[in-house]
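Please find the structures below.
You will see chain A twice below: alongside chain B first, and alongside chain C after that.
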Partner chain A sequence: MIYLEIARSRVRSKLGPFALPIGLLGALLLAIGCFLPWSTYAGFPGKMLNSTPGGARLYVLLLSLFAVLFLVDWPGRSKALRGTSLFALIITVLTMLFVGYAGGGLVNCGIGVFVALVGALLYVVGAQALPEDSAPAPIRNLPDRGWRTLVETLLVVGAAVSALLVFVIGLGIPTASVAEGPDRRLGGAISLNDLTNESQFLCFLLFVCAAMLGLSRIGLVASLGALTKKHSRVMVAAALMSAVVFPFTQGGDGYSLRIAASIGVFAAAAIGLNIVVGLAGLLDLGYIAFFGVGAYFAALVSGSVTSVLDVDLPFALTIVLAAAISGIFGILLGAPTLRLRGDYLAIVTLGFGEIFRITVNNLDGSAGPSLTNGPNGISNIPDLALPGGFSFGDNHTLFGVDLPFQANYYWLEVILVAVVMTAFLRLAESRIGRAWVAIREDELAAAATGINTTRLKLLAFALGATLAGAAGSINAHVVKVAAPDSFTFLESALLLAAVILGGMGTVQGALLGATVLYLLPEKLRFLQDLRLLVFGIVLVLIMRLRPEGLVPSKRRQREFREPGGGADALAAPPGRAEVST
Partner chain B sequence: MNLLEATAVTKKFGGLTAVRDVDLSVSEGEVLGLIGPNGAGKTTFFNCLTGLETPTAGTVMYRGKALPRRPDLVTKAGVARTFQNIRLFPNMTALENVVVGRHTRTKAGVLAAVGHGPRYHREERESEEKARELLAFVGMPKVGNELAKSLPYGDQRRLEIARALATEPGLLLLDEPTAGMNPNETAAAAELVRAVQGQGIAVVLIEHDMRFVFGLCDRVAVLVQGAKLVEGTPKDVQSDERVIAAYLGKAPEDLKAEKAAEKESSP
Partner chain C sequence: MDLFLQQLVNGVVLGATYGLIALGYTMVYGIVQLINFAHGEIFMLGGFGALTTYLTLPAGTPTAVALPMMLMGGMFVSVTVAVLMERFAYRPLRGAPRLAPLITALGVSIALQEIVRNFYPNAKTARVFPQLVDPQQRFTIVGDVSISAPNLLTVVVAVVGMVALSSFVRRSRTGRAMQATAQDPDTARLMGINTDRIIVTAFVLGASLAALAGLAHGLRFGQVDFRMGFLIGIKAFTAAVLGGIGNISGAVLGGFTLGLVEVMATQYAPEPFAGGAWKDAWAFVVLIIVLVFRPTGLLGERVSARA
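Our next item is the complex of A and B:
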């Protein structure tokens, strides 16, 4: 990082006065390049041949628009320009490599990509040569006129709708797994088509990151965030509406709805884990076991032919019982172990997760009671049904739109996530949430302030487990099977990664983290075996560049971004600090 | 009846006796100073009172009932404390720190918090009002939204007292409330202790600043090497030779006389 700074100061001292012309020229070349063809052969999708920009060309064109900031002295602009220009360069280079690779050599790239490359390089240099921002971008308010509330409301609704749009577009870019159905994941060679399609997705992802980075650095994201807080009811309604409307945008595609439903399960569990880790500060590495308890319970009482119990409870009852039983498991595990702190607790929970997996693996009648069918798990879990005869397994037609049956499960997930989010948000700002945060900050002081630390930690554990159990019981019906290998340590680690990546202690963070972590591996299948490697690198990069997570809570942001985080930051008395009596 | 009645409190760490047979009583509304050289066991004695340490022997009664051996229950019973090395919740705001102090005096559980009933709202509002009052009481009405860790040192000490007061104590234990303060801050701290006393709350304070202790306390007790040496009015304690000896050591001629006496007594 320090070398970067030195390089930047050199560029600045040499090219400082020319930052504006160089940057503008670069952006202009970049934009012109986008209207020229980027490949010389048909076959690379994403409209690379004709003169209308599409796919990567469109993204780069949009990023070049940030160059307007060269002309206005807007706070935060040079940081914003540095970020967006760099991303424009990366997208250009990546597309060039993809087109070249798919066509058999860089010679097959169109003239446009080279023009764009030169433009992007100049754009980057121009941005680097800009003087450092004097102040970070402030939160801006609209002028106080009669139309203010209306415009603010529209902006908030617009934010929710654009979030939906980004999700729909991202999910809609055909990748190998979508084009050839879920069986594609079992392996097989990568076709040219996969590569080119998935490069589109990658470019889209980079574009979204770049746009968010640029907008947040000029303060627009924070200003919009302040608006959503001010009009929180509108925001909640708009977000809920967007989520509910989503299936109608999918044109009857069941696979994408299934992915969305899985993201919902994943997010609900991540939010539950966020209570334990983000609020109470207890590191739980075996959280997936509680999810598993819920899933196995739902499977056992689902009436599946492979279940040893011949009962078919109504689903509402199943969900409540699964949640309660998981909660009891949480208390059983927590009661003896919550005296431990930090690493020790992490190890015990890790052990519990493994015990659960191995136990369900062995409860097949040969080594113990017959309950779980061992490694085969409980399969053929029937579709959910409501008392009125409504089956979740049927396709439906609503408002003239054909909806695949996955939409039913998707909506169930939306309800689950909404409930879990409400519970989390309300708990976090209540007396109990404050006590959890106090325990996380300083357990001894919390106890001396009158907080029953043992009981509250147990409560966090039990609530987290309860939410995981509810999510697990629904998931059993979505995936139709409960088997031990779905509850490995990797799953716990992924959930924890979602919480940390998204930002500890916030629901939006957990939701975003869960979406990214679920979608990335799903969409980057073209990397095949390299998938986990790339995934790991992405995680490391994010944690290096944004340790507080994508959507951090205010408290967590303070810990990382303000001088002297953590408990040791309290002023030590000068002089006789260490005197003890 | 005394407010607090500690009888023969003893705390041993392995072979070391940190507190030995200490009796101490605090009456309603008084300010009692606990002094002694470094390592005399003052903080350990505090820890024994507040449930952070379990005394090896002895009893501690508060308002005629034995104090429970768990810090949160002690606080609930009405004995609050501060720490020698300030222990705030650094990444919470000053107001949040004090509101956390209301925990034992509020009731909302999980269902109330998730359900957001009218009682929940009333309780939250009351907690916040009370916390603001307390911040004003300790003399910093304007710092509510600032982070605890970003407050100046003296304010952090006062915030810790505000948090302790939020638990509605009958007895407040202050562990070196003026440590590291300049004379102005010390004077302000003395005023604050008097104001707390004015609310009918008894205060026991550990302190090394003798002017502060003798100017403020109704009674003073001296701990030396874990045992109580003297207890009495500031005047008595100040002039007691044993106290002076404990702090400053003894004059050489006294030591000689003592040795001679020892020789005589041992056959």
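Our next item is the complex of A and C:
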């Protein structure tokens, strides 16, 4: 980091006065490059050949628009430009490499990419040469006029809709996994076509990151965040509507709905875990086991032919019972162990997770009582059915749109996520939630102020387990199987990573983290074997560069960013913890 | 009775491995209060380092030469990785809240496993480890109770390693500085101790012992696997907690206790919960029971008082 600073100050001292012309020239060249063809052959997807920008070219073009900031002295502009220009360069270089690789050599890249490359380089240099921002971008309010409320509402709705749009576009970029269907995990070499498709997704992802980075650094994201807080009801309604209409945008494609439903389960579990980890500060490394308890219970009483119990409970009862049983497990595990210090709790929950996995793996009648079919798990779980005779396994048509049966499960997941989110938000602002935060920050002080720490910790733990149980029971019906392989330590780690990547203690964060972590492996199959490696490295990098997560709660952000926030004997000297990018 | 004694021997062998790895956990935790999840991977890398060294040695190298060379190779890999890990993953997070380095450790652990799986030749499945010490050769202890040569070697090197570490920590200047840092880092620093260097020392010592365990593991089972560090690592941490974290004799005691419990439970647990399929579950059950009734471990913990 320090070397970057030195390099930047050198660029600044030499080129400072020319920052504006260099940057603008670069952005202009970049934009011109986007209207020239980037490849000399047909076959690379994303409209690289003709003169209308599409795919990566469109993204780069949009990023070049940030160059307007060279002209106005907007607070935070220098940081915003540094970020966006760098991303524009990265996308350009990546696309150049992909086009060259797919076409058999860089000579097959069109003239446009080289123009854009030169432009992007100048853009980066210009942005680096800008003087440092004098002040961070403030939160801005609209002028107080008669139309203010209306505009604010529209902005909030627009934010929710564009979030849906980003998700739909991202999901809609075809990748190898879509073509291959549900068996995609079985491996097999990926073709050149997959690679080029996935490069599209990668560029889109980078573009979204860059745009968010740019907008957040000039303060627009924070301003919008303040607005959504002010009009939270509108925001909730708009977000819910966006989520509900999503299946209608998919043109009857069941696969993307299935992914969306899986994201829903993953997100619901992540939010539940966020209560335990984010609010109460209890590190639970075996959370997936509670999810598994719910899933196995639902599978056992689903009337599946592979279940040893020959019962078929109504689904509403199953969810309640599964949640209750998971909660009881949570209490049984938590009651004796929650007196322990945090790290011990982590290891005990990890142990519990392993015990659960080993137990369901063994209860196959040979090493133990016959209950779970051992490694094969309980499969062929039937589709859900409502008392009115409505089966979740049927396709149907609504408002003239054909909806595949996955839409039913998707909507069920939307309800689940909504319930879990409500629970989280209500709890977080309640007396209980504040007590949890107090315990997380300083258990001794919390106890001294009269908080019954053990009981409240137990409550958080049991509540997290209950939500996981409910999510698990639904998931058993969505994936139609409950097998030990789905409940390994890695799954717990992934959930935890989703919470931390998104930002501990915020519900949007857990949602975002779950979406990103679920979607990335689905979409970036060209990484294939390296996926987990990249995942591990990303975990390390996030902790170094943005330990408070993508959408941090205010309190947590301060904790990580302010010098002396984590006053500690071995703490780095103040200022070193400050990360500059 | 013979069966019991035989299982006792097996338990001691298993416990020796756990103890060796647990020492690395306990030293690091005692000083920086970090559960270094990646320590299991350091153990695994020690095994792979030893294997690599063996493969580069000319064919026909006598065992007496090959074994120390392999140990040095394994230690070199383990120590290098551990030092790099401390420098680039953990040290920047010193001031951060407790969860941050734990997540980092998780990430490092996954990354190291995947690096070996993807980039070590043919390591996607277990790789054959040379059986330099003949496992068929058994030494009778009493009656029908015997111990195979690699197992005996494991116990011997483990005990030597533990004694060496213990005397290092107790007698040497650096060792005493380690104790001081673990007790009170602030005061230790005021006394002129370079705490950064002490922390690195703890990582280096832990990694060396883990490499020793990795070599022993390879010799005993005739194979090394990129996955082998994970479960053993968790169990070794369990052992460290069992003995009282931060406590060096505790880690050794915890290791042997855990090994014995695991072996005995496999043999004597009530049906149907006996047998190899349940042994890992028993290890964790014991952990939970111990933590409930004696949260500071068997010998009590020794962690610097800042929580």
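Observations, loosely collected:
In this text, the second predicted complex is superposed on the first by the 564 of 581 C-alpha atoms of A that agree within 3 Å, B and C clash if a C-alpha of one lies under 4 Å from a C-alpha of the other, contacts with A are read in each partner's own complex, and residues count from 1 in each chain.
As a working rule, contacts are C-beta pairs under 8 Å (C-beta built on N, C-alpha and C of every residue); 3 or more make two chains touch, one makes a residue touch a chain.
Since this is a predicted model, take the numbers as computed values, not measurements.
In the superposition on chain A, contact of A:Ser430 is made with chain B only, not with chain C.
Contact with neither chain B nor chain C is seen for A:Leu332 once the two complexes are overlaid on the shared chain.
Of the two partner chains placed by superposition, A:Ala324 touches none, neither chain B nor chain C. In the superposed model, A:Thr449 makes contact with chain B only, not with chain C. In the superposition on chain A, contact is made by A:Leu459 with chain B only, not with chain C.
Counted by residues of chain A touched, the larger count belongs to C, out of chain B and chain C. By the touch criterion defined above, A:Leu15 reaches neither chain B nor chain C.
Look at A:Ile415: by the touch rule set out above, it reaches neither chain B nor chain C.
Of the two partner chains placed around the shared chain by superposition, chain B is the only one that A:Ala438 touches, whereas chain C remains out of contact.
Comparing the two interfaces of chain A, the one with chain B and the one with chain C have residues 559, 565-567, 569-572, 576-577 in common. Put simply, chain A touches chain C in their complex at residues 277, 281, 283, 333, 336-337, 339-344, 346-348, 350-352, 354-355, 358-359, 361-362, 367-369, 489-490, 493, 496-497, 500, 504, 529-530, 532-533, 535-540, 543-544, 547, 559-560, 565-572, 576-577. Across the complex, chain B is touched by residues 422-423, 426-427, 430-435, 437-438, 441-442, 444-453, 459, 463, 555, 558-559, 562, 564-567, 569-577, 579-581 of chain A. Interface of chain B with chain A (complex): residues 36, 38-44, 50, 52, 70-72, 75-76, 80-81, 83-92, 96, 99-104, 106, 108-110, 112-114, 116, 120, 123-124, 127, 147-150, 152-153, 156, 163-164, 167, 179-180, 206, 208, 223. Note for the complex: chain C touches chain A at residues 29, 32-33, 35, 89, 91-104, 106-115, 117-118, 184-186, 189, 195, 199, 230-231, 234, 237-238, 241, 272-273, 275, 277-278, 280-281, 284-285, 287-288, 291-292, 295, 304, 306-307.
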